[in-house]
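Below is the structure I would like to discuss, written out as structure tokens.
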Amino acid sequence: MDLLNALVALTNFVIVPGLAYGSQLALGALGVTLIYGILRFSNFAHGDTMAFGAMVTILVTWAFQSMGISFGVLPTALLALPFGILGTIGLVLLTDRTVYRFYRQQKAKPVIFVMVSLGVMFMLNGIVRFIIGPGDQRFADGERFIITARTFKQMTGLDEGLAVKTTQGITVITAIIVVAALFWFLNKTRTGKSMRAYSDNEDLALLSGINPERVVMYTWMIVAALATIAGVLYGLDKSFKPFTYFQLLLPIFASAIVGGLGNPLGAIAGGFIIAFSEVTITYAWKKVLTYGLPDGLSPDGLVQLLSTDYKFAVSFAILIVVLLFKPTGLFKGKAV
Amino acid sequence: MIVVEDLHKHFGGFHAVDGASLEIAKGSITGLIGPNGAGKTTLFNVIAGVLPPTSGRVTMDGEDITGLPPHELFHKGLLRTFQIAHEFSSMTCRENLMMVPGNQSGETLWNTWFGRKRIASEERALRAKADEVLEFLTISHIADLKAGEISGGQKKLLELGRTMMVDAKIVFLDEVGAGVNRTLLYTIADAIKRLNEERGYTFVVIEHDMEFIGRLCDPVICMAEGKKLAEGTLDEIKANEQVIEAYLGTGLKNKDKLAKA
Amino acid sequence: MTETMKHTLLFVFVGVMILLEGMTDFLFFSGSWNSALVILNMGLISAIMAIGVNIQWGFAGLFNVGIMGFTALGGLAVVLTSTPVIPAAWSSGGVSILIALVMGAMTVAAGVMITKFMAPGKLRMLVLAGIMIVGFFVYRAIFDPAVGSVEAINPALQGNIGGLGLPVLLSWPAGGLLAAGAAWLIGKTALGLRSDYLAIATLGIAEIIIAVLKNEDWLSRGVKNVVGLPRPLPYEVDLQNDPGFVESAAGLGLDPVLASTIYVKAGYALMFTVVLLALLWMAQMALKSPWGRMMRAIRDNETAAEAMGKDVTRRHLQIFVLGSAICGIAGAMMTTLDSQLTPGTYNPLRFTFLIWVMVIVGGSGNNFGAVLGGMLIWFFWIKVEPMGILLMEVVTSGMAEGSALKAHLVESASHMRLFTMGLILLLVLRFSPRGLIPEK
Amino acid sequence: GGHAKEVKLGILFGFTGPIESLTPAMASGAELAMEEVTKSGKLLDGATVSSVRADNGCVDNGLAVANAEKIISEGVNGIVGGDCSGVTGAVLQNVAIPNGMVMISPSASSPGLTTMEDNGLFFRTTPSDARQGEIMAEVLKERGVSSIALTYTNNDYGKGLADSIQAAFEAAGGEVTIVAAHEDGKGDYSAEVGALASAGGDVLVVAGYLDQGGLGIIQGSLDSGAFDMFGLPDGMIGDSLPKNIGPDLNGSFGQIAGSDSEGSKIFAEMAKEAGFDGTSAYAPESYDAAALFLLAMQAANSTAPADYMGKVLDIANAPGEPINPGELGKALEILAAGGEIDYQGATGVELIGPGESAGSYREVEVKDGKIETVKFR
Amino acid sequence: MSEPFLIGDCMTGGYGKGPDILHDCTIAVNPGEIAVIVGPNGAGKSTAMKAVFGMLNVHSGTVRLGGEDITALSPQDRVVKGMGFVPQTSNIFTSMTVEENLEMGAFIRTDDFTDTMEQVYELFPILRDKRSQPAGELSGGQRQQVAVGRALMTKPKVLMLDEPTAGVSPIVMDELFDRIIEVARTGLPILMVEQNAKQALEIADKGYVLVQGRNAYTGTGKELLADPEVRKSFLGG
């Protein structure tokens, strides 16, 4: 029984949130990694693209809600998601036309692209705040929980509860679907392969009859979709606030890098590594140990490896250690 | 001078160099031939310290140099060129050459601030030397072009030129000839010979052009599948059945079809 | 127009902008010499940081995104060198803290030794784990109580080990040294990484440095901040109370408040300019020498440079340490200028990416470009807010008074700051994609 | 002496950055007071008051100092701000003191500012966190709480507050199971919630900001069933919290600066009319900060900082006619006539020695999704 | 003389804003023909090839394919028109497997290309062994084989090769030339740059010698081989 309690406590506070957060990071990192792999630069505007996508979705969600449209137990935002994706696709294609294309034609160095993406980030930053404001927005509706801690306790008679939020469930499921679809697309379809070819050798792709502008366009479209999905799932699970999306950029990049830039598998693994390292390293094992160990042995202290102050430091330290052994990430990423 | 003993280099499960043992005599120009993928470049890379060997030993003049980093080997007089040209693309061709000599006093930060006289005179000498090399390679006209913007063959020449900037003991040339105009290549062959005779450089030359090898190399070593297959003069090698089968072939089969034209 | 002319004009442009800031309140200018000098001073510091980054990136192609960390270490150096000695802290626990830190370092060193000299295998793992665990507990056993007692001393104002009580100007080189030391350690471990991997590693290390600064209260009070740091110039208030000063100010027709504030700021500007010029000269000499050529070769093609006898690892380390030291010096200068160390204010956008923008906009690989970029981008960083507001005013001028849209637009004007910054950045990069003063 | 027809007050807040969502209401609060005074037409023979907003990024010293210089050069007569303690200290030291400019901060609550050498130029309408810790401990004890978990936002405010809560609560015999920092504006707080839950405790005290990390921590704790009762210091008090969290927050309690004055209610009304949320954190304090400036100027009959700085404490404290929000006109009249006032304002202002709010607090509890005042301390 | 199948006619142009590299340079090839370009390093051979393929600005002169003026088309459109090109350097997708490289060669094809792939594998048996290895891990000569194989996958109407035999072992070179002859005899015109000039000119129907961006000598392969001047200056005696 006690062992069960320990297990439930661990699941509730480490595994479930870790999975959800990991999926969110993974989806974000996928976008970053695709841009890196195919267009060959680190896109700092990605966080704000996520915010933009989420914002459009929220606005449409509100419109739906005011029209009385709902999605039953699921959040209405899922219905609005396609619109958000479309809006974001429009936005990124527009920025590509007006901004990035010029540098592509100039064959500018990656670092120029990085700076340009910083510029785009600043502007998006302003636009998003301008439209929806800097504050918190909540737009989740429908059933909040798949199971609450209280119900779980009643059902099982355990001391510890296990809560799973609907949004957590949706996040993980969507992440799996999206990732599977993406893999199929990249490795099996003609367009997907042409994207990989372009990412490898632009000039040669040209010689194979691949239209580079098309590849770029598809890439942006996929990235826009990924960014919107990630942004909305994140917003549903926590809350929407432009500033956090910028902050999210750091762990997202860390995920993409730890897995190996340009490698989709790596992005996913990276997302979970970063998420779980954040959650586990600073976890206080007191509760779990108290349940798990015989009475006399239960610990006095918190049994915490490191205090939560160092949460980020720790995930970065893990990142650095991984890189020291695998200099281009776990899955052999690219380096331009 | 260089002794390679039972050298292995594995990439994952693939044995690129698989127990190669060979000796390179001081003052020789040794040719290294073999089919594509025989492991010649990999062998070079291991000797030159770019890749760590999986096992085996390399000695130079009796000194164990296995796994030493390339820059240390350079200072021991071991130079190499790259099969795929590794130019410094944003620097001019002249600068590409001038950077080569080691121990330039201008490479110490302190001197860049407080020893500028000395640097200036050293630079003059270097520049003269670089121009001489460019002249020799018939590419004086590209001295001030960025190395990233010269033709493929010119890059190869530049690659060779770098080894001529210093007094080397042994130079490894990895297909300097591929992509170089034949007339020029044979001039280069003469130069290599001269360096060898006059300055006592030892050369190891990978090349697929038998005429070039013939003019230059004795002995010739043929590698296949990561091992030494045969060694001898070019004529001996050319007569070797295995070498013919694996590497030289028997000439064009479709010659007859040419008649039409 | 020749290149040199164009580049000189760009510098003149920045100079004129700053002068206008002081002279007129037309458009977005404020017409205050104080304001102009504040911009100038931070601009000078930014230019120095940009030189540091340019040395690493422009010369050697090292993608260091940990500038923030080195800047912060520079700031820490100011606290450690210039704040008064706190004898109580040393008697109660300071010494033990030092011992603990040495112990920790020795544990790590022992670990490194063992991995180096013992054959791999179970035994090595065991010994390693043993040393690490024992080391960790010994370290914590000495460290924790010592920290506790140091932090207990007058926590509202002190609670840290204090400084050495040396003149604050000494903290600038000290900042450089501290940053250099950290860079050496980091470089030893992380410089094997390439491009964006190095970037994220340095970014992470910078975050770790900030985390330490924020959470180790015994060191520099953590997030409680150190305020009122000593400074190399007299206090304005003292000047205002100094009859001699007031008199000479009056002689110039200035009121004492204005004269004193400008006097101090101009003093800083002078000092910063001296440091900037010295560093610029040194960087320029280095760049134009065979050393610079070697570095460019390394940047272009490491494998080939290595084969040509250049010790790439060592050179990378050298330049990483140098560039970081310069950032450390700039960090110390900045903290001196602020007279306070506030770890919470270090965020990567402002202290790392903005500097990168400066370098790239200025023209990477070119020291003058870096300086220009530093001054120019800093000017805009400060001035985009009024520009944004101006922009909004222009946009809304046609709208009806009191319309909701107009209100919203005006309300959002301050968010237009980042927007405007982005716009400027994109425009500059559009018209000179290789930077304003590109590498030759 | 020569009355300016226009009085300018600078508003130096973090309009961008980590507390950008609080600052609009704060600025509106300050401007509400200015507008009220302008409308009354009674300040220094009918001077108008205008505000000059400037951004300090909350955490960007460089920007803050530059913008402070800028607004001073634009001729402001006083600065309402800064908001975050870090930049406030920077601006005070580097701009205000050298220029002899008065600053009244509505929200910089770090205890460190109490002892800062300020030449009498710095005031704040919020009490130092040292005081709040004691109050929080009292509230907890009275409610029979014997053990708490404590989390704070990792800045001088959060840290200072957490330290004082921990000290006071332990002194009162309570147990603090864990003190864990959290960073604001981050993506995920599962790690913090996990650690806090494992440590356990009757109540989770969240010394953070209500729309920042604090919100995330509470949400996470409720969702995972880690805690269901929360202790809420000032940074967490505001209507948006119960609105965002929902009924689960009912029963949680805390305290915020403010005395038994009707001021806050009046202010909330006035704010509603003016179209912003008057219960938003530090909006009332901002109103008071601006009002103090204007009243002090009136009392000194001058807009020069050197003249009116001495009057701030006078008008804020007894003796005199108590003044509520909306009564600034009346106050100006009294002062013009040479009378005395005791400014109460929206937060029951009472300034003590070093020029900061004395620290009366109201204890609040969330009931039916509303924050209700239970008691004053 | 009738219009050649592919002709770059009097092309003048250079890279970006730099000086002109090509001066009135003409190269052409007819169906069933092998045309070989030789010349010293830096003569502009690769540049001429790129110009024909539309990868650089030609500001005077035209490129015509089967009588149609294609001067204004983008490279990828020329691929669709049936042109195949193997550049001198970076001519493979290093991160993709050998097989994927070949597949990318067939990118514009919508029909079943397994036969062609089979043919390529027969031509270069080593590629079959390495089919699922990333091409970047191959030896220099193996890469060259992948590159040629990739171009063959297109089933082009005209094939342009920039030094296909550089770094290739004699046996593979012979096979490559054999194959080129075979392919040419099926009617596919082949235009190539070669430094193994003697061998190349032996199989060439037409030879061009370029010097400093200009046509210096033109003739049949035999003629050029026989010309003592050409032999001495460009073919290594």
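Some notes on this structure:
Lettered A, B, C, D and E in written order, each chain numbered from 1.
Assume contacts are C-beta pairs under 8 Å (C-beta built on N, C-alpha and C of every residue); 3 or more make two chains touch, one makes a residue touch a chain.
These figures come from a predicted structure and were not determined experimentally.
Relative to chain C, the most remote chain by averaged C-alpha coordinates is E. In terms of C-beta pairs in contact, C-D outnumbers the other of C-D and A-E. Chain D has its Cα centroid 31 Å from the Cα centroid of chain C. With centres set at the average Cα position, the gap from chain A to chain E is 46 Å. Separation between the centroids of chain D and chain E, computed from CA atoms only, is 76 Å.
Between chain B and chain E the centroid-to-centroid distance comes to 27 Å (mean Cα coordinates, whole Å).
Multi-chain contact residues of chain A, defined as those touching 2 or more other chains: 129, 134, 307, 309, 312. Along chain D, residues 16, 20, 154, 181 each make contact with two or more other chains.
The set of chain B residues touching two or more other chains is empty. Every pair of chains in contact is given here: A-C, A-D, A-E, B-C, B-E, C-D.
On the chain B side of its complex with chain C, the touching residues are 48, 50, 69-71, 74-75, 79-80, 82, 86-91, 95-96, 98-100, 102, 104, 106-109, 111-113, 116, 119, 122-123, 162. By the touch rule above, chain A contacts chain E in their complex via residues 190, 193-194, 196-197, 199-201, 203-212, 334. Taken together, the chain D residues at the contact with chain A in this complex read 16-18, 20-21, 154, 177-178, 180-183, 185-188, 190-195, 197-200, 211, 215-216, 219-220, 223-226, 240, 244.
Interface residues of chain C, counted against chain B in their complex, comprise 282, 285-286, 288-294, 296-297, 299-301, 303-313, 318, 322, 439.
Within the complex, the chain C residues that touch chain D are 25, 30-32, 34-35, 38-39, 42, 155-157, 214-215, 222-225, 227-228, 235-237, 240, 257, 260-261, 264, 334, 337-340, 342, 344-345, 347, 350, 381-382, 385-386, 411, 414-415, 417-418.
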